[in-house]
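Paired with subunit B in one complex and with subunit C in the other, subunit A is shared by the two complexes that follow.
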Partner chain A sequence: MNRTNPTRSAIETVIRNHLPDARLSVFSAKARLNADLAIDSIMLLQLIVHLELEHGLHVPEEALLTHQLETVEDLEALLVATGNPEVSL
Partner chain B sequence: MTAPLFYVDNTPYSQADCDHIVRGLAERPEFQSPAGCRFAVCLQDTAHWLALCLWLKPLGASVLPIHPGTPYPAARALAEDTGCSYLLFGEQLQEVTPETLGGVTRTASAEGGELIQLSSGTTGKAKTIARPWRDIDRELAAYVAHFTEARALTPVVACPVTHSYGLICGVLAARERGIAPHVVTNLNPRFIIARLRAVPEHLLYASPTLISLLMRMLPEQEMLHAVMLSGAPLPAPVLTQLRDRCLRLCQQYGCSEAGCVAVSADVTEPGLLGYPLPHLSVQAGASAGQPDEILITVKATGQRIHSKDLGYFDHRGQLHFLARTDDTINVAGINVYPGAVEDVFLGYPGIREAVAFKQPDAFAGERVCLRFVADSDIDTDQLRQWSRDRLSPHQVPSLIEQVESISRLPNGKVSRRLLSESLADMGQREVLA
Partner chain C sequence: MIKVHCFVSCVCEIIKRTPGVDHRPFYFGVWDADFSVSEEQVLSYHSPHTRHDQFREWYRLLYGVTIEPWYDHQQSKEANIDRLIELVETRPADRQVMVMLDLYRLPERENKFHQNPFPHYVMLEATDDPEQWFMSDPDFRWEGVLPKSRILDSVRSPAAAGGFCFDGLDIRHTPAETVAAYFAQCMKPDTNPFTNALRQILHAHIGPDARQPLANLPQAFREIPVMAIRKYAYEHAFAWLLEDQGRTAEGDPWFEALCEDIDRLVKTYTQIQYRALKLVMSGNPALLAGVEELLDEQDQREFAIKDSLQGLFQEWQQQHPDLTGATADTRTSDLEVLP
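Presenting the complex of A and B:
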């Protein structure tokens, strides 16, 4: 668990709760979403939707989800707070 | 400025832009006699793939489109396995040097060129399907003539255009209607919603999973315009939710060999596939009580295709899907369709997912098993009792199991066959009381 980085723990929580087929055991900042965690494009989309709906974190409209988005850290860098004060972690 | 042929994300591409993308190709040795050659194409830039495809098709070349996410060794293996003469692999067309492969076969059926697709099939082993472009042109003409509701709509294609669904029904059908389709490759949900807002009279082509996710992100007061579903029919509660969030919900049915077979421009119930396209002759059961395998005959060529799907025509002539023949559960001679059982359980408060599948049984031949995912712990005895009031006796599952999650295939689909096999492997048969 990472207690110092709320965005990272939100990502980890969503993977644990919603992506049963992902390889959570190798989760880390440097873990590659596809190659290490086995998250494909539709699973990535699920991850993003749950981060927004449950954790108040969103990927801005103009952000590109391309192959440059490779690791957990890359995803963290894309996420911004939605500005919803009722968000829980 | 000339009218765009298509858009990729925000960018319009005109004929001049496409000519620019494929410039110089005609002089290359690989493209001197493209008719009958098989070109495997794996380009990261979707606009470059589409420009190349639109250029190669009238030349009578055969094309194997490969999903842009595919790594080079896998793309090369696919190209070799399908007998391609050349592989074009890279980001954009200008930087790609066509790689010569072994296969330079020119078959009679390849006259006029073919679109080569790989079908995952149900066995897990990929099957090569080569469809002549002229068959695809017949399908396109029939699709456009038959699906009149789409005439004024702009397809927004948020699924791979290297696959027939996105390429033929999304992109090429729009071109046939003289409309520029909007292809979305950036799967950021907020971006897709912004594209849909920018094209108010849209017809969204996407996987059911993507559509469901977009609906969850869409502000409550907002609706989508028209949405196309494909693949296995959605469970009843999901269908109802989707119908509430768009003005028009369509469903189409098809397979890799035949392309699109039937379209419904208004899906009112699960399994409704609509009227068959006019270039096909389709056989199926005469009623819900007497379903039969959906058999497809291509009128122009006489090609017959076994769908391995069970279905029937209603009194109005609309085709309905009941189940994959492999998934149908035969309980003491009575057919049970998993979807019908699942829809009942999905109506129980708190149940989010339900999958019915079969297990062999010494007395009944097969029996029904059900796994479900719910928000809280559910008493399965109480649930079984509740289901007895809503199902026929042979439909009531003999095993009901609450699980944390139901695993899916890489394509997002549940495999009832794998669930059946995994349960048998786990030696849980004694649980079947």
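Presenting the complex of A and C:
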């Protein structure tokens, strides 16, 4: 668990709990969501919905359409840029 | 533009390499290309019954090239693999050998969709090394050498069954009247089959007529991205109809605005998938209205794109006065275009 970065920890927790087909063993900030973690487009949407419903981390729909989310860091940056409150783990 | 339609990408590759012939009119058949919806109301880009008959017929009419099926569905998989080996290893230089394989079984190939299985058409050639084959995958803009045994393993997948071959000799310039007839055949001005199917699937899972568990909706919608990108075929049509009249597409504000609309059309299917997931995962039925709203928006957006395209097509026709007899009544078209 990454204690210094609660947003990244929330992403990791959701993948562990809800995306059994993802390759969590290679999880890191730089890990590519699709090529490294095997997270396809629908799994990414599931991840985002879980982050919202379970951790209160909201991604505006428009950002889903306009942002290229390549890595864990990209998703993290989007969540932070959206001004989400302190996450609950 | 990346993956749009693997069968179309394979057969267009040879056209793209032929000077004086343009592959883009062939994409008229892609934006509303067929797909299947199972009895359980699950969307699928591929059906075991898909034979691409209409695409093959139009390819012959447009370019003068006959695409022959070599895969015999009455024979065993191993018999078909033997046939594939023979075709690849005795291939004349101008022959294209296409086979359907399960890309999921080739993890060494990046597959952004990560779908299991992932039936997909590629083209194969032998190399100087009898254990290695050359694979051309124009849909993903990939080509390279892979072990023959790995390729054949992916062809052995129960999810893959199909193959065609065709010769790249004597490709002809596309007659304008054939292009006009193909456009008339493909254009469905009064219906958007893909959005209609999504609406039907949605209402099969939630609402008064629902007969499937709501929890199954994410799976039913799983393959939306594979079909959504087919809408990028509109870009090819607009660009070709402009350029064939001596006008410029790239950089033209009208064309660029249409490309933005087409991009929005494709991406909004992602938004539909997102809202549908949220509806299921939150268990909040009030979110249904938000999904329906996007489906209605998609209809308006796509009808507007089709209107613009028809307008441009009419301008193109006026450049070809000899085509007056080829203006087929698209509203009475009854020929189904298969993927």
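Everything that follows uses one rule, which is that the second predicted complex is superposed on the first by the 77 of 89 C-alpha atoms of A that agree within 3 Å, B and C clash if a C-alpha of one lies under 4 Å from a C-alpha of the other, contacts with A are read in each partner's own complex, and residues count from 1 in each chain.
Following the convention adopted for this analysis, a contact is a pair of C-beta atoms (placed from the backbone, for glycine too) under 8 Å apart; a residue touches a chain by one contact, two chains touch by 3 or more.
What you see is a predicted model; the values in this text were computed from it and never measured.
By the touch criterion defined above, A:P60 lies against subunit B but remains apart from subunit C after alignment on the C-alpha atoms of chain A. By the touch criterion stated above, A:P20 is placed in contact with subunit B alone, subunit C being left untouched. Shared contact residues of subunit A, touching subunit B in one structure and subunit C in the other: 21, 40-42, 45-46, 48-49, 52-53, 61, 64-65.
Put simply, subunit A touches subunit C in their complex at residues 21, 34-35, 38-43, 45-46, 48-50, 52-53, 61, 64-65. The touching residues of subunit A, when paired with subunit B in their complex, are 20-21, 40-42, 44-46, 48-49, 52-53, 58-67. Put simply, subunit C touches subunit A in their complex at residues 110, 112-115, 218, 221-222, 224-225, 264, 267-268, 270-271, 273-275, 277-278, 281-282. Listing the residues of subunit B that touch subunit A in their complex gives 44, 69, 186-191, 193-194, 207, 209-210, 213, 216-217, 404-408, 410, 412.
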